[in-house]
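I am attaching a structure below and will ask some questions about it afterwards.
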Amino acid sequence: MSRVALAIVLAIIWAAITGNFSAPNLLLGGSVAILALLLIRKEFAPPVYLQKIKRSISLAGLFLYELALSAYRVSVLILSPNMKSKLKPGIIAFPLSVTSDVEITLLANLITLTPGTLSVDVSEDRKFLYVHALSVPNKKALIKEIADGFETKIIEVFK
Amino acid sequence: MKTVIFKTIAPALTAIMVVFSIFVLLRGHNEPGGGFIGGLIAASAIAIYGIAVGVENVRKALKFDPISMAGFGVFIASFAGLLSLGQSFPFLTGLWGYIPFGETKITVSTPMLFDIGVYFAVVGTIGAVALALEEEDDDK
Amino acid sequence: MASHSVAQTEIELPAAMLELPTSVADWSIVFPVVIALMAGALLAMVRHSRGSQVGFSVLAVVAIIVIEIDLFFRVLENGPVAMTMGNWLPPFGISFVADVMSVGFALAAAVVTLVVLIYFQAEIVPRESRHGFYPLVMLLLAGVTGAFMTGDLFNLYVWFEVMLISSFGLLIIGGKKIQLDGAIKYGFLNFLATTFFLVGLGYLYGLIGTLNMADIVLIAPAAEPAAMTAIAAIFFLAFAMKAAAFPVNAWLPASYHTPDAAVSALFAGLLTKVGAYVLLRILVALLPEQRDVFDPLITAIAILTLIIAPLGAIAQTNLRRALGFFVIGGIGAILAGIAAPSVLGVAGATFYVFHAMLTMSAFYLVAGLVERVTQATDTRQMGGVYASNSLISIMFLILVFAAAGLPPFLGFWPKLLLTEAALQDADWWLAAAILINSILTTIAGTRLWAHIFWRNGREGKKSELSNDRLRELKAPEKTFALGASVALVLVIVVIGLRPNLIFDSSRVAASDLLQTENYIEAVGLELPTQANPTTGAPQ
Amino acid sequence: MISDQDLGITLIAIAPFLAAALAPFIHRFTKGHSGWVLAIIPASIFIYLLGFVEQIARGEVVNAGFDWVPSYGLRLSFYLDGLSVTFALLISGIGTFIILYSGAYLKGHVHQGRFLAFMLMFMGSMLGLVLSDNLVSLFVFWELTAITSFLLIGFDHVREASRRAAIQALVITGLGGLALLAAIVLLRQFTGQWDMSAMFGWSDAIKEGGMYLPILLLVIFAAFTKSAQFPFHFWLPNAMEAPTPVSAYLHSATMVKAGVYLLARFNPVLGDTFEWSLILQVFGGFTLLWGAAMAMKQTDLKQMLAQTTIASLGLLVLLIGIGTEVAITAAVLYLVSHAFYKGALFMVAGSVDHSTGTRDIGELGGLWRAMPLTFAAAAIGVAGMAGVPATVAFMAKEEMYAILELSSISDLFTNWTTTLAIVVMILGNAMMMAVGLSMLFKVFFGEMKTTPLKPHEGSLSIWIGALVLGGFSIWAGTQLYYFTNTILIPVASSIAGYGVEASLYIKFSMLTTLPFALSTLTWILGVVIFLAIADIRAIMRSFAKNLGWSFDKIFDWLIFGLIKLSARLTDFLHHGRLEIYLYVVFVGFALALILPLFGNFALPTMPPIETISFYEGGIFAMALVGLAAVVMAKTRLVAIVSLGIQGFAVALIFMLFGAPDLGFTQFMVETLSVVILALVMTRLHLDQRDFRAPMEIIRDGGLALIVGVGVTLVMFSVLQTTLDTRLSDFFTLTSVPLAHGSNIVNVILVDYRGLDTLGEISVVLAAGIAIIALIRIRSGGPQTGSGILKKITGGRRKKTAMANKTSKTSKVAKASKSTRAVSSRKASPAKSKASVEKGRKPA
Amino acid sequence: MIVEIAYYIGAILLLIGALFSVVAAIGILRLPDLYTRMHAASKTGTMGAGLTFVAIAVVAFDGPVILRALVGFIFLILTAPVGAHLLARAACLAGYKPSELTEINEYEESMK
Amino acid sequence: MSGFDFLQLSATIALGLLTLAFALTIIRIIRGPSLPDRVLALEMLVSTGIAYTAVLAIKTSFFLYLDVAISLGLVGFLATVAFARYVLQRGLQRKERESAIQAASSGKLKQ
Amino acid sequence: MIEFYMAPLIGVFFTVAVYLILSRAVIQMLLGITILGNGVNLLIFTLGRITREVPPIVPQGLKQPLQDIANPLPQALILTAIVIGFALFTFLLILGYRAYQELDADDTNNMRLAEPTGKTKPPLSY
């Protein structure tokens, strides 16, 4: 089921990059997608449910907003003359609520893409995500911000 | 390099890169791209995949020995050149055919077959080298 | 001028393509390369099954030989033929041109390859077949044949690279440390040679806007002379390196003795000869005016190569390394033909290339047998083969004399031609060098002979004591290695005694090279209309 | 087309080779009788040749043979006249007995079959040489005699002396051979002919042409080396290392005469000039004296014979040099007589050696009883050597003294050259006679001495040859009329180039003439010298000892010098240091770029300056900075990372100037190069700075700069012309309509120039195979090396293995406190030192 | 009209994108250690490139081009964090210390 | 100023800005100090390059440059991945080396 | 004439490449090889004459390009050369790496197995 879904996604990507949504091209895209999926069949990701499109869009919206905002923030930080005094970098252990690899990865990447924070590693027991932040005035506040933001949305999408 | 994050996202990236490489291959005749560039992208996909999930797994997934794929590429490229023998044209003369498919026509041509050969030669070779080197590191 | 403007007028499209259908017979121009390539590709696909490797590669090479023999006689009789790929008009598509010289050399290369393949059956350590010996040999043959046949300079570059990288692979198969060392030197120096070639190509295209050899013959005389001379000089350097002419020959003695004897033999037969071939083609046919400018230089290099190479061989105690110097000496002889570019001289050089391909390959094969029998690579560790193995001894001695150019062995005939050409050209020193090369090669060769064959024991021991490390050849060695060597040496002896065909073809090849009209016509380009009253003005 | 005669005459030269090919097999089946069986071949040839004698005596010549390479004018052609037939008769006749003799002499030798084969091959070569008309075939056979004699002299190959003698003979005669080749090519150029017979008519033209002297010198040089003329004589005594049958055959009757044959053959073409006479007389005369004197020094039978052979050859050259009718007649007589008696004497020497185990006259004595037949042959032989009447040698001597035509005493001074020649001949003959007597008396008379073997007469095959040759010597000396007509006149005519009316001087006035007086003088002198020979020998030996050098030693000095020169040369040129090889190559490149521009004085002019946009300039600057970053990088690692900058800049340049495909490919290739580099980098030593001394920086940087400037200048030079874009125009116009593609670059790649791409992917495939082979094939065997430091810093494979294991568990990673303070730089010098030491020791 | 507006929007997006790139470059120059520099590179840089893609989507007026530009943006977003994550992790594990400004480092603590 | 002209101008300015970005990034590559710093700067170079290519697409109206940019986006991180792998292994190697040196020197002390 | 700016730039590429190749360190030499390859490619590109920003692609629906385009032939040649250069570079790189492993040397001066160090001492005998 999920394979079919992924194949369809890839086929759509195909149609998008070729700029042609005609039937033959979608079919060609589908076969290309199947070829590609054959290659990665062993490491197939666990079932992905993308039915919750609305929530997904909401996640994407949040991400874009965060992206723009924090890009701006980081820019300001970089350009400020007394940058060093504003910096307070640190690596914190973020306790994960999400459990699956896909969720963890998604969360980690979203965190990384958001300026100001950067995922360094996941602990071996997958309980913690180590996050580097440009400024950690308050560790708990940061954890809460992430947990309430991306993590919650991700859980919504995947549950 | 076996981190959860990388392991999880690498297959998806690989799949996208392979799809994209085929796209680049097929449109090369009219836009930038072609067999060589496509092949390089696909080889990159294999390299990434190998780094993420280990060479053994990639080899199993590929099923064919990469060098054999490269050989296959050279073989069909030569074969594409030979097809014009039947039409009493010199070696490597382009032959074009159009198969009607719905309202559009699908173009089939020996230059395209040739380019596919190029693609395979490149994927096979670069993939083989990358995998072999990764293996060096992994095994020893 | 930064770009070319495109005429918006419609051109007559059919005029872009060739109109006459290509006959099947003409395909034999391109078949040898295609067969070798496809065989190489197929063998790479199935490189883990040894049985199919041997059988299939031998089959492919035999097919190539048959095709080339047919083509050779056709070309000898009717003059050059060409095929322009993709059905495009000649200067636009890539042309393959079969003339006597190119097909003759290609044929010799294929024969050498066949012999080496058979010889290798005794040589092989099973794991090495898996690592691509057979596909690499086929690709090497494809590269060599392509280089001989192509009529396009950039395409020539590509075949050179095919050859080069295949030879890299063959050079390191076996993985001995000494091979790696040899390969480093071989690799970097040869890479530079092909890079120089590419630089020259870039300049050439920038200057005259074409890459087709026949086209170059037509256009080059009008090109800006200073730049053209520099381009010719770059080509000369690149191919002198490839051919291993003094003083840019260092890669050869550094590497040829390091791989298996079969591989050495293949290299000796194929690699430097392609460089020599291109020197002939470019300097004699394509850029004769530049050759005239370089004449003193070419003469000097020929003389130095002729003398210094065999001189270098005299001191060598590694058997195959000594042979490497013989190979280089032969290049001097070929250069001598270019230095005295009459029909005689070029025929001599052509004949010499043919001779050197067969003789030097055979020499390495026999050296491999000697190494097996004596279980040593150093002549000081050898000895006693004359008493124990007369067949190897006879072959070795024949090859010494053939390499030295003593009659009635094969090497004599080209030396005779070259000596005559040099004397005709009043290049006294060149003639002397050709003869001195013979005597020095004789000295070096008989020294090897005396140490390996006549002396009973090893250096340091009293020679009266017999060498206790001698061993018998095993059954597969006798069948394949000895058999293949004997066959090749027999061919050399027979051709040496009856050189008519090679003599005549060399002369045809030489006149075709000196008078390029046939070549240009075969390619399909128009000769410049000459002010010849008998042909009459066009209507 | 092919007549029987063509075939028959060709077979004279070819049959021995065919027999040689079969000899080892024949020997295997007939064992002890192989000599008898194989002797049939020369005997048949001899008989076949006899059939021509009458015809030739009539003054006719026979031409025969086959086309060899007609397009080049080469024929395997033969020319039978007095000279060639006589030589051929001698070769086949003496050869018959030699083959017989060899059969017995080497009985039981493991390689007797081989020996007989070589002998037959030699015989064929010699026959071919003397019968050849085509100069190329003459040369072919000439060299074949050198090759076969090489094998024969080195037959006793386990002894270094044999090997040395063989190589020496080959080298010296080989040098002569090359001179001969040059000479015949020059002759061909002058006459347009390869055939000797066709050249007789060209004699005057050649002598007047500018090439006469070179041709003359080359021919003479060839003849002198082959016929052991001073100063190329020394190989002949050394060639006595060969088994005695070889000496008897090659070194008396046949091969050494090839030089004399050549001079005789060329006499009509090149002779009768001042240069010819001068050189031949001077060297011939000197060789005669030298050889005869050196013979007196010897006590070894074969050495004595060898030295007298040198003397005899000198005498022959001297006579040809004098060149008068009488002299030539004398030469022919002497040639024949020498072949008879010297052949016989060599066989005697071999016979003595064979039966007693020694050849030293000091260790021999009183053998005439034990070996009566051998003694008889020896006596006849020495009689020939002394020129005793009734031997043909006597006539030869009389005839040679007859060159002195004395009408008054003052003629002695006016014809002083002739006088001098006569004096030299008398002296030489006397010394040779003394040597002969010394041999005869020391060996066969006096007291019996104990010898390694018990003396006994050998088998029939051993003594028959010597006796028969001796018999011939007497026969020819007594059957004057027949001999004169059938042999003497035809041969002398061939040499002279016109019909000689030889009427032997001795026929009408024998005992009362000047020549006979001179002969008598020779005998007296000979006996006197014989009586004093022991003292002379002692004096000469001490003189030679004090002198300390000889031509023979000079040869060693030259050859070893050559070997040392070769060694130094290879050390100098092929030192194994890649950086210097590369330097040479780049010097060549720099010269190729720069010299033509300067040579033609066509340095390109500076172009007009044009502005470029700032972002283009930015990319150029980026490339420059990237290049600088690589060169100035502190460590290799930094250099590798910096490499990306210029690669990236190149990609952007391609993008900027309308080449997206290129830019893209360049970028991909850069990326993949980095990936592959990163994959192998772990095992490489990258924390090192590569040090170059200031001088090296100047040296390398200077050359690099010249190359860069050269590349730029040639580019300017080319860029000043207008590019002919017809290829690209054609592609542009036809790409869409005919090749159905809009991306012209790709259409070129897969269609117009698809063959390039086919080759290119073959390169890729081959590279793949080669690289995989490189990675997979291990030389095996443990990596030697000691010391903990080495293990730490250099023990790559094991350590990385551990590193990988730990990275899997990441326990170590967690445990270790990373302190970057401990630098690996400390360890690196030690490591590199270790690697240097190890690199020098071949494993 | 629409076209003109699109051009203006596209132009502004271009400029912002380029500015982001410059800021990112300044960032990797000014910021004190590897880990902080990474913030500049992996997102500000990505934003720079991404915005130019968006700009193309705005000014292209060609369906396939617009789609491709957006897909390209997605590709960027997919790949950029992977590199950053791997490099940061490798640097940490290999022992590259963060700057002295860094007060809290729970990752290093976890490895003890 | 028409929209198109403004777009062209902005594109030119953008190219200038990106050139500046290149320059700054290169300074970091050269300065280092550590390997990961350089690698990071290289990655930055790639993303600036992507932007540069995309701007070229607008400036020349050849949107095929976009495809090149997309491809770069897709494969550009490959070098970083490879280098990250190298950084990791090299770091671990070094740590081992250090501990081995310590072990060696302590061993010496014991003797 | 952008070409006349390119020519000196290419000269610098060659200079740096040669300088690096002459260093005895295999790694440096490989970097030199890469730079040399880039220099040669740029050389061919420049000698095919340079056009700004107009790729040799025929716009959709047209049979021929409407404006002057960049010279496509050198681009095709360079593409081939890039690929070949990459294959060779990779081989040489792995070769250098294997040589370092097996010969324990990354300085060409220490790679002396095929041609051993020290004076050649041929036997002075026959």
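Order of writing sets the chain letters: A, B, C, D, E, F and G. Residues in each chain are counted from 1.
Note that contacts are C-beta pairs under 8 Å (C-beta built on N, C-alpha and C of every residue); 3 or more make two chains touch, one makes a residue touch a chain.
Everything quoted here is computed from the prediction, not taken from an experiment.
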Number of steps on the shortest touching-chain route linking subunit A and subunit D: 2
Length of the shortest touching-chain route, subunit B through to subunit F: 1
Longest centre-to-centre distance from subunit A, chain (CA-based): D
Chain pair, D-G or B-E, that carries the greater number of C-beta contacts: D-G
Centroid distance [mean C-alpha coordinates] between subunit G and subunit E, Å: 33
Between subunit G and subunit F, distance of the C-alpha-averaged centres to the nearest whole Å: 23
Geometric centre distance via CA averages, subunit E-subunit A, whole Å: 14
Intercentroid distance (Cα basis), subunit C paired with subunit B, Å: 35
Contacts with 2+ other chains: residues of subunit B: 1, 3, 5, 9-10, 12, 16, 20, 30-33, 36-37, 40-41, 44, 47, 67, 70-71, 73-74, 78, 81, 91-92, 94, 122, 125, 129, 133, 137
Residues of subunit F touching at least two other chains: 15, 18, 22-23, 39, 56, 62, 64, 67-68, 70-71, 74-76, 78, 81-85, 88-92, 94-95
Two or more partner chains touched - positions in subunit A: 13, 17-18, 108-109, 119, 121
Footprint of subunit E on subunit A - complex, ascending: 13, 16-20, 67-68, 70-71, 74-75, 78-79, 83-84, 87-93, 108-109, 112-121, 123, 128, 130, 132, 134, 136, 139
Subunit A to subunit B touching residues, read off their complex: 6, 10, 13-14, 17-18, 22-24, 29, 32-33, 35-45, 101-102, 104-105, 108-109, 119, 121-122, 126
Subunit E residues touching subunit A - in the complex, by the definition given at the top: 20, 23-24, 26-27, 30-33, 35-36, 38-40, 42-44, 46-47, 62-65, 67-68, 70-71, 77-78, 80-82, 84-85, 88-89, 92, 98-99, 101-108, 110
Subunit C partner contacts - residues on subunit D that touch it in the complex: 68-72, 110-111, 114, 136, 139-140, 143-144, 146-147, 150-151, 154, 157-160, 162-163, 166-167, 170-171, 174-175, 177-179, 181-182, 185-186, 188-189, 559, 562-567, 569-570, 573-574, 576, 578, 581-582, 584-585, 588-589, 591-593, 595-597, 599-600, 602, 711, 714-715, 717-734, 737-738, 751-756, 758-760, 762-763, 765-767, 769-770, 772-774, 776-779, 843
Subunit F-touching residues of subunit B, taken from the complex the two chains share: 1, 16-17, 20, 24, 31-33, 37, 40-41, 44, 47-48, 51, 137
